[in-house]
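Each chain gets a letter, A, B, C, D and E, in the order it is written, and its residues are counted from 1.
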Amino acid sequence: MSEAIKTFFSPSVLGPEIFYGSSVALFLIGLYMVLVKKNLVKIAIGLTFIESGVNLFLISIGYVWGKTAPILNKTLMMGTPSKEVVDPVPQALVLTAIVIGVAVTAMALSIVIVIHDKYGTLNISKIKELKW
Amino acid sequence: MMKLLYFIGCFSGGALLAFLLGSFSPLLKKFITFLAVILGAVLFATMGTSTYQLSLLFGNQVIFGIDTLTQFMVWMTLGIAFIVSLVLWSHSELSPTFFALFLLNVLGTVLIFMSRDIVSFFFSWELMSWTAFGMILSDGWEKKRSAAVKYFMWSAAGAYMVLIGFSILFAATSAIRFENIVMSVGRVSHGWLITAIAFLVAGFGVKAAMMPFHVWAPDAYSESPHPFTGFFSGILSKTGVYGIFIAFFYLAARLEAVPMLRVHGTSIFGYIMVWIGAITAFGASLIAVHQEYGKKLLAWSSVSQLGYIIFAFGIADSLGMTGALSHALAHALFKALLFTILAGVIMRTGTDHMASLGGLIKRMPLSFIFAVVGGLALAGIPMTIGFTSKWIIYEAGINGGYIFPTTLIFAASTAAFLYYYRFVYSIFLGPLHEEHQNVKEVPATYWISYILLAIPIFYFGLYPGKLVGIISTILQSYNLPALTTYTATSVTTPLGTFNGMVVGLGFGAALIVGLIVYFIGGRVRKAASQTDKYLAGEVVTNEFELHYSVDFYRFLERKLSWLLKISAQKFYEFIGELIRFVADINRKMFFCGNGQAYLYYMTIVLTILILSIWRIKP
Amino acid sequence: MNAVGLNITWIIFMPILVIIIGLFYLGAARKITARIQNRYGPPIYQNIIDVIKLFSKKNPTNHGVMFSLGPVMAFSGMLISLLFIPIGNKALLSFNGDIIVLLYLLVIAPLGMALGVGEGGNPMGTIGIARALTLMLGYEVVLVISIISVILYTGSASFMEIIKMQSGGVGHWFIWPLFLSALAMDMALQGMLGEKPFDQPVAPHEVASGPMVEFGGKYLGLLQLYHAIGIVVETGIFVNLFLGGGTLFWWFVKSFAVFFVALLINAVMPRFRIGQAFAFFWTYPAAIGLIGLILVAILK
Amino acid sequence: MVSPILLIAIPLFMAFSVPIWGLISKKLPKLVPFFTFAITTAILVSLLPTLFSGQQGFNLTSVTIAGIKPPYGINLTFGPASAFFALIIQLVALAASLYLFEYEPPEPAEKFYMLFILVVLGATGMVLTGDIFNMFVFLEITSISSYALTAINKTGHSAEAGFKYLLLGSLGSTLFLLGIALLYGSLRTLNMAQLSLYIHQGHLDPKVLMAVVVLFIVGLGVEAELLPLNGWVPDAYEAAPIPVVSILSGVVAKAGLYALARVLYTIIGIETGVLNLLLIFGILTLLSGELSALRQKDIRRLLAYSSIGQMGLIILALGGGNSPMAMVGGLFQAFNHAIAKGLMFLALGIMAAGFNKWDMESLAGVGKAKPYTTFLFTIGLLSTLGLPLFSGFWSKFLIIFGLVHSGQVVYAALALIGSVIEVVYFARLLGYLYGKDPSEELLNSTLESKKGFALLGMTFLAAFVILIGVYPDFITNFILGGTAELVYKSFYISSILGGI
Amino acid sequence: MTKAKPPKGLKGWAQGRSLWMLHFCTGCGAIEMPPTMTSRYDMERFGITPMATPRQADLLLITGYLTVKTLKRVIRSYEQMPEPKYVVGFGSCTVNGGMYWDSYNTIKRLDLYLPIDLYIAGCMPRPEAIIDGFTELIEGIKKGKFDGWIRYKENLEYYKRNQAMVMDIRKWSLDAELAERIWNEVQEERRKRFERATVKHVYELAERIPEGLPK
């Protein structure tokens, strides 16, 4: 089963473009939500979409087909680690970025709650008391 | 080095002390100001002609130097500053800030004349500009705001034009000292040189109230604190004149070399300045004729007189330069005198609305006498310094062949009689108003300052050669053409001669003859009362308005309305409207308040930039 | 030494002579005007009688020190101007000042009078002064244009130089080459002399003789003297600039001829309104003068 | 051993220990920011002498973290530029923290202080770090704390402003992250020196490089208040509490500016033509900011727009980087702007204290009601206008000279037109402040004498303004060093990587 | 105190030969003046010219009847003239009221209020008569015969009292103090007379005829 999946996702079939493509797709979906949707919550979700797209892009940079996770164990210590594991740095980056993304989303949603309390609406085009 | 620091420290320390201690005692602020000016003058006297270096920016040496021109201008400045500080003894109501800013202003003005490099020049220039603004505001009230803002805006615009001119010169020559710029100005291309000098002249022209950059001047002069106005109009405008002199001196020789710019035997800049000066003088004096407020009238008159100076600078030969510099001094003296007198009148009566004044000769005879003296100089009557300088300017204009501008200048001078008579008549002559029956003469500080100002006015009028001598020395030290045909009492130009002493003695003798004839005539009867006038047998009471002073030259105004309608003010107001419109559009577009719109802008910028990447060739 | 002594004597006697001749001018003016109007007219020395009478009047009203000083200053100012204009090839003081100096000396007199009138405080007097100054703004421009064209033509602003250049007979007078300038200046002269159609400042029917309204007795006497000198000086400028000066006799003949032209115009013309007069000066005479000036500038 | 790490470590510790202090005494958390910044400022000042040694006249130290040397480990760089910006941040933060002594923050107060310290911490981290991803992290720390601080009032306005800020800020930082990803994907390193070296050696496709530039400019432009990305600025400045505003303009914006300068100058390099972009962005930001302020009635918004204009001027100066003069002017202006704007906002806070109306009409005549505060405000204002005797004069002078020197006369002229507009609205503002009589309400508001500590902090800033205005050489060495560090890539690279 | 005398000799001659007149064109005499001044009779032969203001004038012409209202202005103008000054009355109206003898608002005898130097009789006098009168005036002035202004000064109180009978002199007199005093006296007198007034007295008062003649 895992072999089948492996084959299906192998570069010979789809290539690494699938990751880039889907990250761009995520980014664009997020952008669409952010730019078109009027609901604050949807906009917040759009932001997370964009973030996910960027995160996917980041991690797919470092992914090398057929290598293992960058966890040092005895097997790896025997050979040359750099040739057998994927690049560990993007993974670390993505972990950090995800955490940050969560924080931003939480922040956004908490502000949305306040806005809903005070304005009674979530429509972004009605929330413009501060202007000019 | 140390002397310069003492000099700067004297003024800035005085300013600090006046600011800090002034709120405790009004006497202290006046005393400190007075002392600082005197001390500064003493220090300056000990400095002689020398050069000082200060390490200021990035360890660069900025240069302050004193030469004959500097001495001339600085003594003028310190003299008028002394007059102002003297007059200020009677003005406790002004805030300590005013006194502090006044000292800083004097310092800035003096440093302008002393600076020998771009950095220190611009530093002093800006210092002088903003302190003057502060002074307008420190005395400030509701209605003065617009005048102050207008002044500040224009002086900033002027300063920035100067800055651009200087920075072009710097970029082209990599030198900040004037002497180095002169040495390497040959490397500058013609285009840049013309741009630089255009910016410089326009920038200095703002300060010298050159049309069409004059619109700030009447308002600012008339709204500035009354004792200070004489300094403001007499000296601060001269910094612009000085700047034009400097710009021309350092760059004109280079411009002369450009053949396509030569018109009428001189560079086209000179020609343009002659015309601008003439139009400024003529237009401003026509406007001055129709003013209803004394300060406004004198302010427009200042603009007009500065037009004479610009006119003379444009001619730029020995006569023109001499005329310009001597008129700079003349204008400083008589305008300071007239503004100080007006300050006294305002102090005593509380208004400068000419129709509300009148008949003050009965209560303030001294002020009247000196108003006549100042007016004689303003109108350019022989025996006063005003004639000496104007005469040289006329001769320069005719001698240089600038016939039409000279005609305009003459007309401006005639218009000066018109507004001057209106000024002195409406304020001092005519019937005395009921509410001014108990007005007192100005205090001693005032009339001492009148006398101090009147002495040089007459001295240089009777000894025109002395004035020309001073200026010739200055011009010779700059290797400029100088007028050399003069004796102590007379000046000779290619066209004619003027002997101040002969005119003075002759007029004195004529006056004696006139008085003898007068006393032959026997006794006179004093008028029974103020209303003892011929009014077709009618008797009027004091309440009846007999003071002919509103719309004094109505008939003239009617005939000239087409000319007076042309207004730079309206043009600038249109520009201002336009800018406000653009500002509002900008504000409502980029800061519309909708968070999503901001994201749109971000996306658009991102898209445009990303798309523009494809244009990059690898 | 002798020449200097003569000069000083001349300087002292000249004014007296000019005053008397000026008063005769005024008398002649009245006589001529009367004859034009088919009247007999007063004797030609009538103005001398008037002056004597005016100085003999008692207790004219005085409104203050400046009021008294005004006519004195007017008289003295005219007197000093007189010394700066060469009369009959006699230079007097005119080596010490040129035409422009004279132009500004000429201003002292009206200014003094204006200050005196001002202290008189009569609104009609002030209106007269305002009119006079407006008129002055009008004709001064024309005058200056003409004078500049003469200076441009000769290259000198000194009277004696200009007169010297015109020596050698009628054909050398500048009125021929500078005809347009001379014409413009003559128009300006009409305003300067205050003859009709430019007598708005003193118009007796409108402002009760304008500036003179409060002056009586010796004040008026001084002003009469001032006026008498003024006529000689003002016509003298024209004579010196355009008619080539001349010996004493011919100088006064020419001067009177110039005045006579003004008188003829005066006798037959009504009065302009002040605005019209001002506008007139800035249109036709100024245009004529400018054309003349341009011609000089081109031909020179 | 004093190490630059302490500049980050101490605030981090203090920030999270605020609740503990709160347990001891309710009043103690108030003091924590001040003491934190006092300590960090002291550390910074004690570190300054090490900067000015060595052959070039200045020195750049690289501090490794956890013992792994760059380019493999994360490092902090402590050079003149970093130290200069750190100094700006610490000075403003110190003055603002003094203001907090008499300030009643919105509840929960402890979190307010915590976030307050975190913003400064993040900004300090941004200017000190030598690793680009680390910079992203610190950027996020700064910006998330700023969102929270902006919205902390819990009013509708503050929430709205906070949300707008969050929208733009998070999208911007995501784009920044994307740029980092592109760089890492191409060059496989995150160390800035290494990146700089590789780019300099031409290992990067120019198109990718430009894409990275675009992403960085747009990403960091949100913090640096570039034109179309600055919609949040006036709103946040209007809605946030005054100490936060001074921090936003003096600290956050400067950190964003530093990041932009560091990334574009050191990593990308000016030879790639980024300067034109900066010039265009700069001039548009400048003109838009000044024009928007022209008819503004609310003083907070006015200052916000003015702040935008000033940032535009700095960006413009950075765009004139062909001439070191403009660059020096830009950095100098960054310093002046931070100090002066911080001063103005703090003074404004006292002017409107106990009164809470911020439009010109209500505050008219405050010069008579609260003379000393208004005096300090005026000093900041005059410095912003670039008038002599105040520090702003020198920076504006240098910027214009530098711009013209680098051939950008038109930009210089446009910038000066913007300055004239600035003069107009500030002069009008001064007219209001001094020209009228104060209203009854204003006279009855909180006295300025009750705000002694805040005034102390502001006096401290004002003293800096005047000191530098009178004697600019007090700080110019520092700025020259900073300029050199930013512009001379080889020096930076060799200092970090130990020679090439 | 030496008594003032009219000028003689050169002064008198000049004064006579140069009479500047201020003509108060109150009645039909005004019609007779233009022919006298213009081509036919040409008064300017004698140096007589019209002047616009009393300050410059020597001669005050009252050319016809005077109402009380006009009288005030005439007095004011007369007092403003410099000395020596002469007054000439034209026609019978100035002598005794003429055809206005019973008018309620004209004055009948001008010499009660102003010192008249010369009357020219007639209703109205023709230009020939006027010329004749002026010639006599000129000759008289040359000889120092006319001294009206001196009489006016010496009998000022008398004239003022007479004037006070018909008008409020306080406002119209140059010498304000004297006018005030006389006015108060006259009013006091009047009040007393009203207190003991009968109908007959009231009629008398209404006629308002002053008593006595100047010495």
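One rule holds in what follows: a contact is a pair of C-beta atoms (placed from the backbone, for glycine too) under 8 Å apart; a residue touches a chain by one contact, two chains touch by 3 or more.
All values derive from a computational prediction rather than experimental measurement.
**Student:** Quick one: which chains contact chain C and chain E both?
**Tutor:** The common neighbours are B.
**Student:** Tell me which chains count as touching both chain A and chain E.
**Tutor:** Both-contact set = B.
**Student:** Which chain's mean C-alpha position is the greatest distance from chain B's?
**Tutor:** A
**Student:** Looking across all chain pairs, point out the one with the most C-beta pairs in contact.
**Tutor:** B-C
**Student:** Among all chains, which one's averaged Cα position is nearest the averaged Cα position of every protein chain shown?
**Tutor:** Smallest offset from the overall C-alpha mean is found for B.
**Student:** Farthest chain from chain C, going by mean C-alpha coordinates, please.
**Tutor:** With centres defined by C-alpha atoms, farthest from chain C sits A.
**Student:** What's the distance between the Cα centroids of chain A and chain C, rounded to whole Å?
**Tutor:** Centre separation, chain A to chain C: 100 Å.
**Student:** Find the geometric centre of each of chain B and chain D from their Cα atoms only, then give the gap between the two centres in Å, rounded to an integer.
**Tutor:** 42
**Student:** Where the centres are mean C-alpha positions, what is the separation of chain B from chain C, in Å?
**Tutor:** Using C-alpha averages as centres, the distance is 36 Å.
**Student:** Could you work out how far the Cα centre of chain B sits from that of chain E, in whole Å?
**Tutor:** The answer is 60 Å.
**Student:** Which chain B residues reach two or more other chains?
**Tutor:** Correct list: 525, 532, 534, 536, 587, 591-593, 595-596, 599.
**Student:** If a residue has to touch 2 or more other chains to count, which residues of chain D qualify?
**Tutor:** Residues 160, 163-164, 167, 171, 234-235, 292 of chain D each touch two or more of the other chains.
**Student:** Mark out which residues of chain A touch at least two other chains, giving numbers and ranges.
**Tutor:** Only 34, 43, 127-132 qualify.
**Student:** Please give all chain pairs that are in touch with each other.
**Tutor:** Touching chain pairs, listed by label, come out as A-B, A-D, B-C, B-D, B-E, C-E.
**Student:** Which chain B residues qualify as touching chain E in the complex?
**Tutor:** 525, 528-529, 532, 534, 536-539
**Student:** Quick check on the complex: what are the chain B residues that touch chain C?
**Tutor:** Within the complex, chain B touches chain C at residues 359, 361-362, 365, 368, 372, 376, 379-382, 387, 390-391, 394-395, 398, 401, 403, 406-407, 410-411, 414-415, 417-418, 421-422, 424-425, 428-431, 490, 494-499, 502-503, 506-507, 510-511, 513-515, 517-518, 520-527, 530, 532-536, 546-548, 552-553, 555-556, 558-559.
**Student:** Can you tell me which positions in chain A touch chain B when the two form their complex?
**Tutor:** 31, 34-35, 38, 43, 124-125, 127-132
**Student:** For a test of understanding, state which residues of chain B touch chain D in their complex under the given definition.
**Tutor:** Of all residues in chain B, those touching chain D are 55-59, 104, 108, 119, 122-124, 126-127, 130, 133, 137-138, 140-142, 144-145, 148-149, 152-153, 156-157, 160, 163-164, 166-168, 170-171, 195, 579-580, 582-584, 586-587, 590-593, 595-599, 601-602, 604-606, 609-610, 613-614, 616, 618.
**Student:** Under the stated contact criterion, what part of chain C meets chain B in this complex?
**Tutor:** Those in contact with chain B are residues 15, 55-66, 68, 71-73, 75-77, 79-80, 83-84, 93, 95-101, 104-105, 107-108, 111, 114-115, 118-124, 126-127, 129-131, 133-134, 136-137, 140-141, 144-145, 148-149, 151-152, 155-158, 208, 213-214, 217-218, 221-222, 225, 273-275, 278-279, 293, 297.
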